Each structure stands twice: as structure tokens, then as C-alpha cells.
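First chain written, first letter: the chains are A, B and C, and each begins at residue 1.
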């Protein structure tokens, strides 16, 4: 399998060679063999020795293309299948006004305290569409492109989570 | 000597796995689409895929039709997060993924296996349609698949991933499966394509507009989920599978979700605005009562006036149905009746308990609804609730007027436990409408009609707008404190866990279609 | 008029780590502690630790922690003879202080009169000018409307700061680089100020560049005794919110300490202050100090002073509230060693400091020689979006700056908070930054020395180190999944499917 860790450019090649007794697994990463000794395993949590160094891993989110893990207290995103990602990225480029581009999403979790624009009007990139409040901070969510504000998907007082769609601009 | 045979196997394998050839694979990639095998690698657990019928080729004697190993589909079995599944993935690089006699045989075989073993069958559609050169045998092939879909329906879960074209009669197979996930800008389904539409009706419409993911997710309801890309598609399928059992004899797995089943939420009642006619988002209530706010909404963009989807409560998978006051004030209509009825029947087929949250003012009026058959479609919802024998827990959290009150999992539809919040209003009609009928004479003779109307409406509301009248009659089992909604529903579900209920023997009912 | 009343029961009108801090001081003194909590804080640690806890209202601050009537009513029901307001919320609300006075409850803080004066930045500035305390150029009064603001700003010269005339703590402060921005920010600054303190009135102040923020901790009793408890340098800020504070300041020598300390004492004397407070100054690169404001409350960063003086400020506050005299002379105080505090906020420094809320399933709180952590975190606690983002204060003390810095660096590495994003990675980078080590601080420190870029680079480095382990973990996960199903199948549990009717 091919892995891309965090923002690192290089792709790491890794596979399991075989499992042995007493919870040991032999893995090959970037051409070198390493012994993985599983100390403790639970739902989405592992403690193991990788070549005698202790590590603690917690799987935060398991997706088809990426795994979000907390390794030794540090959150990291490990992307799998990088070659396939290259292929798929062509659709986003080719699709033009695909779903991803129309949606204005929230960068923070919070509450809608003000709807600053009217749906059905033209907006420019940078115009304030919605104002969110969280942890006593007010954050203005601005239009990510020029276009027609087709729909505002949230109402005053609504709670939003990070990456929720706030509005659609076409 | 044996070495040669081993070498031959290796080269056969390589040849088969290259589908229609390197050139065609690159063409597929240049369109931003993955190959059939790549998709299977993404969907299934690493190393778990066993391919069947790898070397099957077509039996047509048409000399112009080249033979390819696999005949346009990759079929077999593997595991998804450890669960056994069978699947078939159309191979667009082979003859455009078209379906021939043998392709259909492969797919039917995979479906047969799934039926024997009792595990889900997943189909990845990326196909040009019937293979013209094979003539009636390709139509025969589709017919065979349709029969299998029908036999499997309600026995094993069937999921379709639409990651490419699917046209003509071929679309009926996905239509009969339980859930369809379409990838935006890639998946397409229509019975008659844009060219024919233009020719016959002089209507200009693009592929995407006519039968793309968004069209089917918002307008026709054919698609249950839109995925933004192929990764997202498989993520959604995996998530969906986690809520449903392997087959109709099993119950979904109970998972340890670490969310206290006794968690009370004092904020719940505050989500409802003071004015009962004001809008609010029912999804906030749903997210509060389910485990970890984790709610997988189905048909999110279709018939938005009703919400359906899967969640867990105390680790137990449940199907949630709720009116959405933010759209059409939560009224019921044709599309929402269809959406909810189908969802209920899926849950009932697969032993998933149903939790219903009610806040609806009634049915949407108008000639549009009437002439398009709200009477027929509305009856489906009633039928589905009555027919279902899984545990059914209903909670009225707001208005519940007239026929819509009955349709939303009421006591007489054999819901097991019916809860109501103290502000629930159960009545034949809303106050304003009711008094115009009851007090017609008084209103006619009143000196100040508007004032009297207000007064009478308030009286009506004070007298009838509470759940205690229904509770007195036993139609509501318990009037609950809103903050305890979650623990109360969980306790009901636990009590009903081993529910067994039967219906009169019949070949099948005659639900108004 | 020194009144002497022994306090036996304190209601803490606050939440989070400061509520816990006050509870600890009460414990030390054998005083009964009363906690209040909103719907959102039912499982908060201060509720668990107090002697008694009372529900105060729904999550929204205006209906709970800012609900003066309810709080005073609760204090009376609980039999509290004093209220400690913590910081933020009602701590600088003179109406609340007055309400306490009227209800015979001791308000542990300044008198409502002193608060009214210090709360009104303009009036206060006038008093300071009279007392010969140097101040910053800007508007002489509250600016009612946006046009007036634009005029004054134009005169003073951009860039300018829009500040809320009431309250402090960095809330309601916005920077405007030009008139367009000023107009945009004016509206939002008013709204924020109203939300946090219940009122909005702004004034304009010239934005001095490359300045250091240096404040002096003060305490004054009801007998007229004033003491300064040395300085804290709080220059490292983001959007006018302090991130790191330390004592002593690298640019304050003993002479300067005495000189400015004396000015600070003059400032609190001028407003007839009572109890603990802080005089904030800006210091320009030439070494001039300008008085900004008096924060009439106990501040977030008070532990920094506690570490270098050995004093317990909360206990001192209670003593002063009881009418006692401050038990030491100015010359008794000695600056001992160096203390640094990092404010750990629930924000994602890699994503424009986006707020991060949710359950913290697990956390590892550092400890060891010279380490102090004031926090409300515990495994399974909830970090709420209804309140501010400060989740923990990590402090390190050392015999000198370097020892403190290294201890802080190591403690940051030990500090693990799961489930939310925190600003810990930023502080790790700062502790190793040469400019920080050299004491090259100013309020634009982060941008000036491109700390965010450095932080991102460090993240890449540590990702590299953890990459192998991360890959190993993901491989393990897929293997584990495969094994789990095999075990299940082999365990012999008969499936319903097989036993079903044909």
C-alpha cells in the first residue's frame, strides 16, 4: 500500500509481510523490514513497539482514502491510495461547477448570529454572507467566489459544525 | 514442466486484470474515473478480495465482437471492515462495460452466492448498457438480473454505487436495490438519453441535468446519497453498512458508542420556538438524542419536509423518521409519504427498530397534490407503518393534526410505545381551522370577528392543545419531560428488543402503488 | 472606612479553571465554596469540587453566568456572605458590584465606584493625566457613531485601534488599517462588546508600533495601603488576546521596576482602588511607558506573579475583602526566579485558529519540578462553544529564564489533549524560537518573526518523525480488522441465517 503522511511530499510504501506468534507482525516500510509487537489493542486504539520504540495510536476517523490518527499525542492524516487520488482529482478539475465548488462551507463549529446577504442576489468574492459565533468570537464567513447567491442553507440561531454547507453560490 | 504452467497462470492473470487493455485504462483515468478493480480495492478490506469468473468470455458467434476475459464485469467476494460481502463492478474498459449474456451470468452467480450465504450484495455501475451485438441475449441478461434483484429484495441488503453511465432498461436494477449512491458529475441514470429526448421532443438537456446525481437526489428520489467523489462514495457505503445487518434473519450489530444512555439534555425544549408556527430544525433534536450526534441521513435532498436516516441509540442501530418543520412547515405530501414509506419497509425487512418524531400540521393542500395522487401515495405511509413488525417508538414533539397525526406512527398503526412532550398538540385540526367550523354561527354573528376568532382559538388551544386528553384515552402512553427524550426512547427500545409480532398469512398485501 | 468581617462562605460567579482556582483558595482558608453552573456545565469539574453547587440557568451566558439577579438570589439562598467574580463575565460590571453591596454581600474586588471609573477608559485616562501618569494619544471620549470614529482616526493617523470602552481582556478590540476597514470593524466590535459585557461603546486609540505590553500587578487594601507585585510582560498576543505572559520582563531592570511600579501605585491610588488589579502599560522601543488602563479584576495570568513572589493572590483578595491590612511591606517583596505562562486555547493554529469544541476523551496533564497547570480539563470533559476558548494555563518556573523556558518546552511535549485542537504546537515553536530566547518581544511578535510559518515547518518535521509509526499503525489497523472477523467466525456462534426456516 502507498501512504502519504501529513503534508510530507514523499510517498511511503508499506505492507504486512506476515504475522508471527505472540502478537508480532513483520512489516516492510520503504524496503526495510520492521518488527511490530502489539502490546494492547482496543476499538481503534493500539499500543505497540516498533523496533523497540513504544508508540500509542488512536484511530480518530477511518475513511476509504484517508485515516486520521493520533500518534503519540500528535494528530496526523495518513492518505492511502495516492495514485488513485491523482486520477480522481481530474474530475474536480473537469467537473467545473461541481458540488465542491458551489458550496460555501463553515470553517468553524458555531452558531449563526447574522445572515448578512440575501439569497437570489449577486455576490462578489469576499462579501460577508453569514456571521458565526463560537467561543465568544465572531467570525464572518465570506463568499469564496463571485456569483449568484442561490441559497442560504442556514437560519439565524442554527448550530453548524465544521465543513457544514452554509450557502450555495453559482 | 510445472513451472511453465505456473508461468502461464501468472500471465493469464495479468492479461485478465488489464481489462480492455492499457490504453482503455488510461482513457478511463483521463476522464477522472477509476477502473473496476481499483474501485474494488478501495471498497474492500486490503487483501480480502477473491475474484470469481475472471476468465469468463462471451459466447456470441459474432466475429466483429472481440473476446475479453471477464466480459465487462469484475465479480467476487471480500470483506468490508471485516463483514462478508459479494459484489460486482462493471468494467468500462471492456466493450464499454456493456452487458452481455455471460456478464449477466457472472453477476447473477454473485447474487446467488450472496443469497445462499446471507450477506449484502453491492453493485458498482459504470456501463454503456446492453451489448447490441448480443441482441436479445443481453436483454435476457438484464431480465435475469432484475429477477435476482427482486428475489434478493428484503432478504439481503442490496446497494448500488453509480459511478458512470447507466441507461435504458438497465436502470431498473439499481431502482430495485435498497440504496443508491451516485457520484456527482460521474454517475448518470436515465431511461431515455438526451439525444433521443432532443429528437423526439425537441427538448435540449445535458446528461448531467437529465440524469445526474443531483437531479436524482433532489428531484426524482432515485438516488439516496450524493457522493462528491469516488472515495466519498465508498465511505458512504461503508458507513451505511455499519447500521444494517448482514441479512433479514439477523439484527444489526450493537456497538459500544460510549454515549451515556441516561444522558439528559435540558436544552432540547429550547430548540422549539415559543410560537408553534415558527420554523426550527428537527435535525438538532435528532442529533441530540442519538449516540454522539451521529446521524446518517438518507435522501437528504429529496422531500426535505420529512427526514429519514440511521443512527444508534445506546449502541443499537435505529431508523429515524421525523417531520422537518423547516420545509413546508413539516406537512406531509406525495414525495415525503413515498420517501418515509420505503424507508420504513427497509427497516422492517432488516430488523431495524423505528423511532418517529412528530411535528406536522397536516397534509399539503392543492390540486397539484390531489391530482398527482396524494390519496394513493399518502396511503403508502399508513400501510408501511401498519405492516411493520419491528419495534416502533413514536414521540410527538409538537403539532400532530388530523390524518397526518395518524400517519406518523400513531398508536393504532400498532406503534408500541407512544410518547408526547407536554407542548404536544393532538387534534383533528389546528385551532384556527377548527373554530371556523365548530363556531361558525358564533363567528358569523360576532360584532368583531377577528377578536372573537382570536379568543376562540386561544380557548381551543388551551382546551385541546395538550397531550393529556390523548393520554387519558391511552393513545399516548407517557407524557415525558423533553430533556429525558433520549433515555425514555432507549428504555423503550430495550424493553421491546425481543418483540415478536405476526401478521395474517398472505402471499403479500396490495399496497397502493 | 475599614470594616472587618470574617468571610465564611463564598459564591464563585464564574466557571472553568478560575472557579476551580478560587475553590482551592477557599479550601486553604477553611471557607465554604459555592459553585454555580449552567446547563452546559453540569459535568464541569468546578461543580464537582465545590462544597455546594447550584444550577443557574441555560447555556447562554446572558441567562446564566451574566444573570446578576439570579446569581445574587442564589448567593442569598446558599448563605454566601461574599461573591468572587473571577475574570470576565461580571468581574468588571459595576452594576453587579453595586447589587452585591446593596444586598449585603461582600464583592471580592474593587468598589463599584472605583470600577465605574476604571471601566470608563476615557474618564480613567483623564484621572491619570491629572495624576501625572503618562497615557496614549487617541480619542478623548466615547465615539458614538462610525463617522466620528473615522474623523478621529484620520486625525490621529492610521493604523488605529477600536477599543470597547468597557471591560478588557482583549475583547472588543479591533485593528483598522484604513477607513474602509474601520467602518467594517466598527459594527462587529460593537456587537462583540455587547455580547461579552452587555454594553457597547467604543473609543479610538492610535496604534503604536513595535510596542511591548508590560503590566504591573497591584493590590490595595481598605486602609489605603498599596503594593505593586512587580511586572508581567505579555507582549506575545494574537488579535489583542494574550498568549504568553512572563515575569520578569527581559527589558525591565530593578530601577525601572521600582520607577514604573511607583507610577502604577500612583494610578490605583488616584482612583481609590480596592483589592487586586492590574495597571497595563505599553512600552515603546525607546523605553517610554504609557498607561493604558487598569484592569479591575484578578487576571488570567495572575499565577505568573504568584510563582515569582510566592504569594497567593486569591487568598490576599479574600483577606482584603475582609477588611484586613496587606500583611507585607513593599520592600519585603523580592522577585524570585522567572515564570512563564502559556494560555492553551481550544483553537486550531494550523487552520486560522478556528475554534474547536467537543468532548476531550483523554488528556495527559504535565507535572514535575517547576510545573503548574490551572485547568478544568479531565478525561471525558466537555469543551463548550458557549464560552471562551481557554482550556488550560501551563506555567513553568525556573531559577532563571532559560530554566523556565526549557521546563515549559518539555511540559508542552508532555501535554496531550485529545478530541480538540489546541494551540500547543504554536507554543512549542515559540519556546525554541531564537527571538523569544533573546527577549525580542513586541505585540506583533507572531507576524514579525513569522511564527506561524515556523510552526508549520516544525509540524512537517515531527510528521516525518512520526510517519513510520503512523504507517505502522494504519497497517496494524487493517490487519486487526481482518483478524477480528476471523475470530468471530471461528468462535462458533451460530448465525440466525443458518437456523432460519427454509
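Just so we're on the same page, contacts are C-beta pairs under 8 Å (C-beta built on N, C-alpha and C of every residue); 3 or more make two chains touch, one makes a residue touch a chain.
Not measured: the values here are computed from a predicted model.
Enquirer: When all chain pairs are ranked by how many C-beta pairs they have in contact, which pair ranks first?
Expert: After tallying contacts for each pair, the winner is A-C.
Enquirer: Taking each chain's centre as the mean of its CA atoms, which one is most distant from chain B?
Expert: Centre of mass proxy via C-alpha means gives C as farthest from chain B.
Enquirer: What's the distance between the Cα centroids of chain A and chain C, rounded to whole Å?
Expert: 31
Enquirer: Could you give the separation in Å between the centres of chain B and chain C, each centre being the mean of its C-alpha atoms?
Expert: 49
Enquirer: Which whole number of Å gives the spacing of the CA centres of chain A and chain B?
Expert: Taking the mean C-alpha position of each chain, the two centres sit 26 Å apart.
Enquirer: Residues of chain A that touch two or more other chains: which are they?
Expert: 1
Enquirer: Where in chain B do residues touch two or more other chains at once?
Expert: If we look for residues of chain B contacting two or more partner chains, we find 46.
Enquirer: Please output the residue numbers of chain C that touch at least 2 other chains, ranges allowed.
Expert: Answer for chain C, listing residues that touch two or more other chains: 478.
Enquirer: Show which residues of chain B lie in contact with chain A when the two form their complex.
Expert: Of all residues in chain B, those touching chain A are 29-34, 38, 41-43, 46, 184-186, 214, 226, 228-232, 234-235, 238, 256, 279, 281, 284, 326.
Enquirer: Which stretch or stretches of chain C touch chain B in the complex?
Expert: Residues 39, 42, 58-59, 361, 478, 481-482, 484-485, 488, 495-497, 499-500 of chain C touch chain B in their complex.
Enquirer: Quick check on the complex: what are the chain A residues that touch chain C?
Expert: 1, 3, 5-8, 12, 14-16, 19, 25, 27, 29, 34, 36, 38, 41, 44, 46, 48, 50, 53, 55, 57-59, 62, 67, 69-76, 78, 80, 107-111, 113, 131, 133-138, 140, 162
Enquirer: So in the complex, which bits of chain C are touching chain A?
Expert: Contacts found on chain C: 171, 188, 191-192, 195-196, 346-347, 351-352, 354-358, 364, 385, 387-389, 416, 418, 421, 456, 459-460, 462-464, 466-480.
Enquirer: For a test of understanding, state which residues of chain A touch chain B in their complex under the given definition.
Expert: 1, 43, 63-66, 81, 84-85, 87-95, 98-100, 155, 158-159
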